[in-house]
Amino acid sequence: MHIGRIIGTVVATRKDERLTGCKLMLTQPLNIEQSPIGEPLVAVDTVGSGIGEVVIYTKGTAARYAADKIQSPIDASIVGIVDHMDIQKE
Amino acid sequence: MHIGRIIGTVVATRKDERLTGCKLMLTQPLNIEQSPIGEPLVAVDTVGSGIGEVVIYTKGTAARYAADKIQSPIDASIVGIVDHMDIQKE
Amino acid sequence: MHIGRIIGTVVATRKDERLTGCKLMLTQPLNIEQSPIGEPLVAVDTVGSGIGEVVIYTKGTAARYAADKIQSPIDASIVGIVDHMDIQKE
Amino acid sequence: MHIGRIIGTVVATRKDERLTGCKLMLTQPLNIEQSPIGEPLVAVDTVGSGIGEVVIYTKGTAARYAADKIQSPIDASIVGIVDHMDIQKE
Amino acid sequence: MHIGRIIGTVVATRKDERLTGCKLMLTQPLNIEQSPIGEPLVAVDTVGSGIGEVVIYTKGTAARYAADKIQSPIDASIVGIVDHMDIQKE
């Protein structure tokens, strides 16, 4: 799983019907200093996350289990909201 | 899932028969400023997307669910057409 | 799926028996200008492709469906031969 | 599988219930000289690993088998603690 | 699948029990000139490969089929030993 920040949402009227009702969150991957790394992806919210929150997201088949939509087009989901990270990096 | 723009199509007469009838879209990955990032991939259209449109695409097993062709060679599918993105990036 | 060019073959006498009879094609990923990008991979031919041809290849579980060998070590397969690409890039 | 070092933990009160009880380890990928490469990921501990240890981690569906939680959002797990690496690099 | 060279082994006493008896090979990805590209990974030997040999390896679910351990933490396996590569690159 990876750490990211919710930076927005995507609105798509015409879409796979199995995505209806899914909140499509623009998620910016973060490093452990919480700086952006790489480009945002679109993940389905499954934990009530909101804009600006630091989250855990998962990819692939794991994302469909997270969304309880096994046979769907989902390949990324938000699965946790980060309270804090304890880092011990020498 | 990822954001991309449809920039063309691929014509392949000789191909896996399970791809027959599939529109093979050349899809350029985009960042949230809608600038190209990385190299185009070939995704199967499942939502009636057209050249120039900004779309959501999915990869892996999710792409076969999107195309309702579970046992096929598809590993990327277009699953939505983006109306707009709401971005709040400080 | 991705675009690539067949640039050679790999000969391996000692290998997983489920690869016996599979043509192992060295496949160079291409961009849409058909220039090489990144490093070649080894994909199983499923469409009668030959050296020099521009092809569509697929990865992961999709590649095992393409080869009709679901329970095999295959993670990449050639699934089409490109006639041409129609590109409209402004 | 890959080599990494446990550099911390992630605390998330609000999360997918199938992650309850899982230790979420911040795992820094390492090269064979045990220097950091790329950015840390979040992997579930399945072998009693601790901060500072060099570990083997796995990704994707393999990670859910490792955690014995097949239908969960897990996409990365710690599956071994490295005693040593024997390297013969000319 | 990919080309790599076996450059060592990983010893891990404490590990997922489904890895017991698996030879964990440090595998350096190679380009077609057999020069190292990127960082080594840990792949399970399934063909009796040895240090210094150039091999074919596979990733993901394909690696578990290769090892005949479908429900295991394996995500990379050695599946062939390269005799030679025939390359025709203009």
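Just so it is clear, A, B, C, D and E label the chains in written order, and each chain counts residues from 1 on its own.
The rule we apply is simple: contacts are C-beta pairs under 8 Å (C-beta built on N, C-alpha and C of every residue); 3 or more make two chains touch, one makes a residue touch a chain.
Remember, predicted model here, so these are calculated numbers, not experimental data.
In summary, the pair chain B and chain C forms a contact in which the copies contribute largely different residue numbers, shared numbers making up under half of all those used. Each chain gets one centre point, the mean of its Cα atoms, and the points for chain A and chain D are 19 Å apart. Chain centres here are Cα means. That of chain C falls 31 Å from that of chain D.
Residue numbers of chain E whose C-beta contacts span two or more other chains: 60-61, 63.
Here the chains link up into one ring; start at chain B, go to chain C, and the full order comes out as B, C, E, D, A. Chain A makes touch with chain B in their complex at residues 7-16, 18-19, 24, 26, 28, 39-43, 51-52, 60-61, 63-64, 71-76.
Residues 1-3, 29, 31-32, 37, 46-48, 56, 58-63, 65-66, 77, 79-89 of chain E are the ones touching chain C in the complex.
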